[in-house]
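Take a look at the structure set out below.
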Amino acid sequence: MALKTEEMVLNMGPQHPSTHGVLRLELELEGELVLNVRPHLGYLHRCFEKHCEAMTYPQVIPYVDRLDYLAAMSNELTYAITCEKLMNIQVPERVEYIRVIMVELQRIASHLVALGTFGLDIGAFTPFLYCFIDREKILSLFELTCGARMLYNYIWIGGLSHDLHPDFIRLAKEFVQYFKPHVAELNNLLSYNKIFIERTANVGVLPLEAAINYNITGPSLRGSGIKWDLRKNDPYSIYDKFDFDIPVGKGTFGQVGDCWDRYFVRVVEMEQSLRIIEQALEQIPEGDVTSALPKRVKPPEGTVYARTENPKGELGFFIVSNGSLNPYRVKVKPPSFVNLTVLGELCKGCFISDVIAILGSIDIVMGEVDR
Amino acid sequence: MIFDWLSSLIGNEIIAGIICACLPLFLFILPFALVAVLMERKVSAHMQDRLGPMRTGYHGIIQTIADILKLFQKEDIMSNEVDKPLFNIAPVLTFIGSYAAFAAIPFTSNFIGTKLDLGIVYILGVSSFGVVSILMAGWSSNNKYSLLGAMRSAAQLVSYEIPTFLVVVTLITVTGTTSLLNLSEMQTGHFWNWMILGGPGLNLTKFLLIPFMIVGAVIVFISTLAEVNRTPFDVPEADSELVAGYYTEYSGMKFAMFFLAEYANMFAVSAIVSALFFGGYQSPFGYLGNLLGVSWLVPFEQLFWFTLKGCLFVFVQMWLRWTLPRLRVDQLMTLCWKYLIPFAFANLLIVGLLVVL
Amino acid sequence: MKNDEEIFEILKAKFGDSIIELNAKSPFEKVIVIAPLKIKEVSYFLRDDSELDFCSLVLLSGVDDANGEKVELEEGFKGIQGGTLSVYYHLESINQKQKATLKVSTSRENPEVESVSDVWRNADWHEREAFDMYGIKFLNHPDLRRILMPEDWEAGYPLRKDYRNPEFYQGMKVPY
Amino acid sequence: MIKQYFLNTWSGIWTVLVGMKITFKHLFTPSVTIQYPDVKVELPERSRNRLYVNMDDCIGCDQCARACPVSCIEIETVKSVPGDEVGKTSNGKKKALWVTKFNIDFAKCCCCQLCVFPCPTECIKMTSIYEFSEFERDNLLYNFATLTPAEVDEKKDSYAKLEAEKAAQKAAAAAEPKPVAAPAPEKPKEESSNN
């Protein structure tokens, strides 16, 4: 007679070391094997969309910062672009350059957190701190520019709150030179480590068709092997002026679209961001950054959807304006939220340890998932 | 040896035995655990470009003492649903397991708890005692994370006994002894007499043995690392998956017991590796005491070398911990059954052939 | 690549009355308005037709049109009766490089829309969110529960324009 | 198959050694930690921390309170009666309002700096003070208004009196058939300070 076994339900989170915030996963286990995963959200829900309806358009920006708090600049840029599209504002060229520099620095910072915490989930503690040391340097650059380290309120509708600090360009160039060897170091320490490869390669394989059907965006989509980057495919700001590549997952150590591919796309993206920053720092023109700021943000009636390539994926804002000072409806298209939908699909039949790895590799931020 | 001396001094064998048993605990394990915890924090901190504890004393030297005091004061939290007797006894048993191993470890040529002829076998035996207590802790906690951790731990410890023992058997074929004291005595003289360099004597076999001894040392180091649940083999307590594994529910002094046992274990396995392959308490360069003609200096030198070697291996364990990611459960088994055991077997065969020839 | 008018024409030819109009009021995007109970059929066509090939649903957002009449309910609190709730679908085709915006409007009192979670898998959570925030019922949705709000939230649907904060939740005062 | 096996073994050992080399190198790189309360980082000039309001310059225009996305600024003003000397701002504008209440709740403040930009007299600004934690949440409510409660009552009274006088005047004017343009000195001043 076979032993009678029953499934065990394990609650992972909302307070758990590696659920990246307050995500609760309900795992159905058979021993170490995961049969089913049910994510539960909402622990960080703070009514962003309802708040927006009571704010004027510029007042929304500090709230936008708090969506994906690891990439606040990128969120601001998306919101600013949406409102500029709604109001038909052309921003000066210097503003565009500064925005690109900031957003790319932010992309590096966000990826550093993603890579570091991914390593931490796998069990490597040290690369996490190396990543954070480098990230702190980026945050210091931001602090120099706008005075805040995480929630900047820097990119405004039609311009910027401050011009660059006189030292910024020198320091940014120094940072680029400083950071280049660190990517190689991270690769040697973590990416090519045999244990790390064993843990991530062939784990959580996301086929391309499923990724597109789930509308996965950002590095997670590119890890599945498609060159889809809004900076190239649907250019906004002045990204068409720069020369950079889009890394895609090649299945170096396993199938295309596994955790390692998703991870490595981020590493290569950091290098490409460095290239963009270098070009932008060389080409940046002189000019006034506040000239296009509207006196009164009162867009015409209409609906608009604009989007940018955030570090986590495609962030979009759908704004319904009724012609008043307050937006009638602001709907966020949060990349983390959409990317998280695929978790249940990916985690079927893997180990508990793999759930952690998969969750880390799709890189979610609960501030954005729950809003 | 020290027991004989003590019993003749006091005249009562039981008291002498108790004193003899307590000596390593108070003279060695507790101070070592204190130093090792601080060392772990400092090593990890400096590897990560941090400073580590800096406030209590010069560069945080007395931080661990402060921590111990804090742990003493902590409330002993126990949920209603735990299996109380098992829950209480598990940390004590864990500590006993690791402490018992010290009985057969030769600290110097004079100081060894008991001169067992089967010393190494005894150590391997009692160290697997830990499985029972870990299973106890995991089961009695009534926590799913603890249970998973305990299950993983049991599978892991049982598996990794095998490569360890295979390497030990290899050494037995070379040396013909299972007593750690005899093994250490054999490797006296200079470092070229160590087992890692083929053992004592100077002949062709010695040089042929060197590569296989190195392989054996690596295998035994990896498998003992796995036995003490250190990264990359810390799946039972994998903090990012199972919160803290089998001791999730423990707090205060009970938690400290697990902690202490872990560090005591770390030193025990380091001592085994050094006794098996790196000459145990033997100095690599000969003794100053012999040179100067003051023979009482020799045991102290031996203790110094023994501690140094032990600490070196403990440092390597820490170094590995702060470098490597963690293996998955099935990969842990793969590493053991598909890599370590075949290699250890092949090693055993080749060394056996070499010895016969 | 097709523009909105062409897509509208194709849909109109195929589905006739289910496609209500092409709303070009907004200067930024033209919206194809579709009958709420036909949206699934239309979605399947949009996804599977090789000309259209809308392989992904970028965003599904509920909107409270608040176009009903305002009624005084109690103590100066205004409710809305009648009018519509809308759901916007932003679609994108990666291969054809085209975008489209669909919209369905449903009655406020009994908001029912066909679920498209079979067509695009990520619609599952988006629809749950729209249900959570507006109370729009997505028919044939596999698991229509609240997603962001607590599951036992009884005070209604917070993003409706006539939403009123409850005073107590689970015996706790709400504005702390 | 066999080749792969040995390749795996080798790459396992080799990559571990590579990683160990990197961490060993970092053992000797200077650490980045700062011993915080003893050593403090110098903040850049644009750093945004606690707000400070220079009440001498504040004209009570309420623009900062309106810009604030979290409504942490609370301002109440009383119009001055003719003859009151409210004072001048540092750039020479005459003030027309008594600021009877200027509270900033730093428990709510999100340091977004949106209040600083619209201020016409640049009297509200971000300072570099970041150590102002409190045990009681109420202590985070900072009161910047300089007037004492007694003074506030006095100002309110005198304005109420003025209003009453005006109302009386108006009533009188309404009673009279010929409308008299009542002088209203405060209003235009308020508008000019707003824009």
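The letters A, B, C and D name the chains in turn, as written, and every chain counts its residues from 1.
Going forward, a residue touches a chain if its C-beta (ideal position, glycine included) is under 8 Å from a C-beta of that chain, and two chains touch if they have at least 3 such contacts.
Small disclaimer: the values here were computed from a predicted structure and weren't measured.
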Chain D and chain C - chains in contact with each: A
Taking each chain's centre as the mean of its CA atoms, chain A sits from chain B at a distance in Å of 44
Averaged-CA centre spacing for the pair chain C and chain A, given as whole angstrom: 26
Report, in whole Å, the distance between the mean C-alpha point of chain B and the mean C-alpha point of chain D. 60
Whole-Å distance, chain A centre to chain D centre, using C-alpha means? 31
Where in chain C do residues touch two or more other chains at once? none
If I count partner chains per residue in chain A, which residues reach a count of at least 2? 126, 130, 133, 189-190, 193, 195
Where does chain B touch two or more other chains at once, residue-wise? 47-50, 322-324
Run through the chains and report each pair that touches. A-B, A-C, A-D, B-D
Residues of chain A that touch chain D when the two form their complex: 55, 58-63, 65, 126, 130, 133, 136, 143-148, 151, 153, 161-162, 165, 185, 188-190, 192-195
Considering only the defined contacts, which chain D positions touch chain B in the complex? 8-9, 12-13, 16, 19-20, 22-24, 26-33, 35
Please name which positions on chain C make contact with chain A in the complex. 25-29, 31, 55-59, 61-64, 88, 90, 94, 97, 101, 120-122, 124-125, 133, 146-150, 158-159, 163
Which part of chain A faces chain C closely enough to touch in the complex? 41-42, 45, 47, 49-50, 85-86, 210, 212-215, 226, 228, 233, 300-305, 307, 314, 316, 318, 320, 329, 331, 333, 337-338, 340-342, 345, 370-371
Of all residues in chain B, which touch chain A in the complex? 44, 47-50, 144-145, 148, 151-152, 231-232, 234-235, 238-243, 322-331
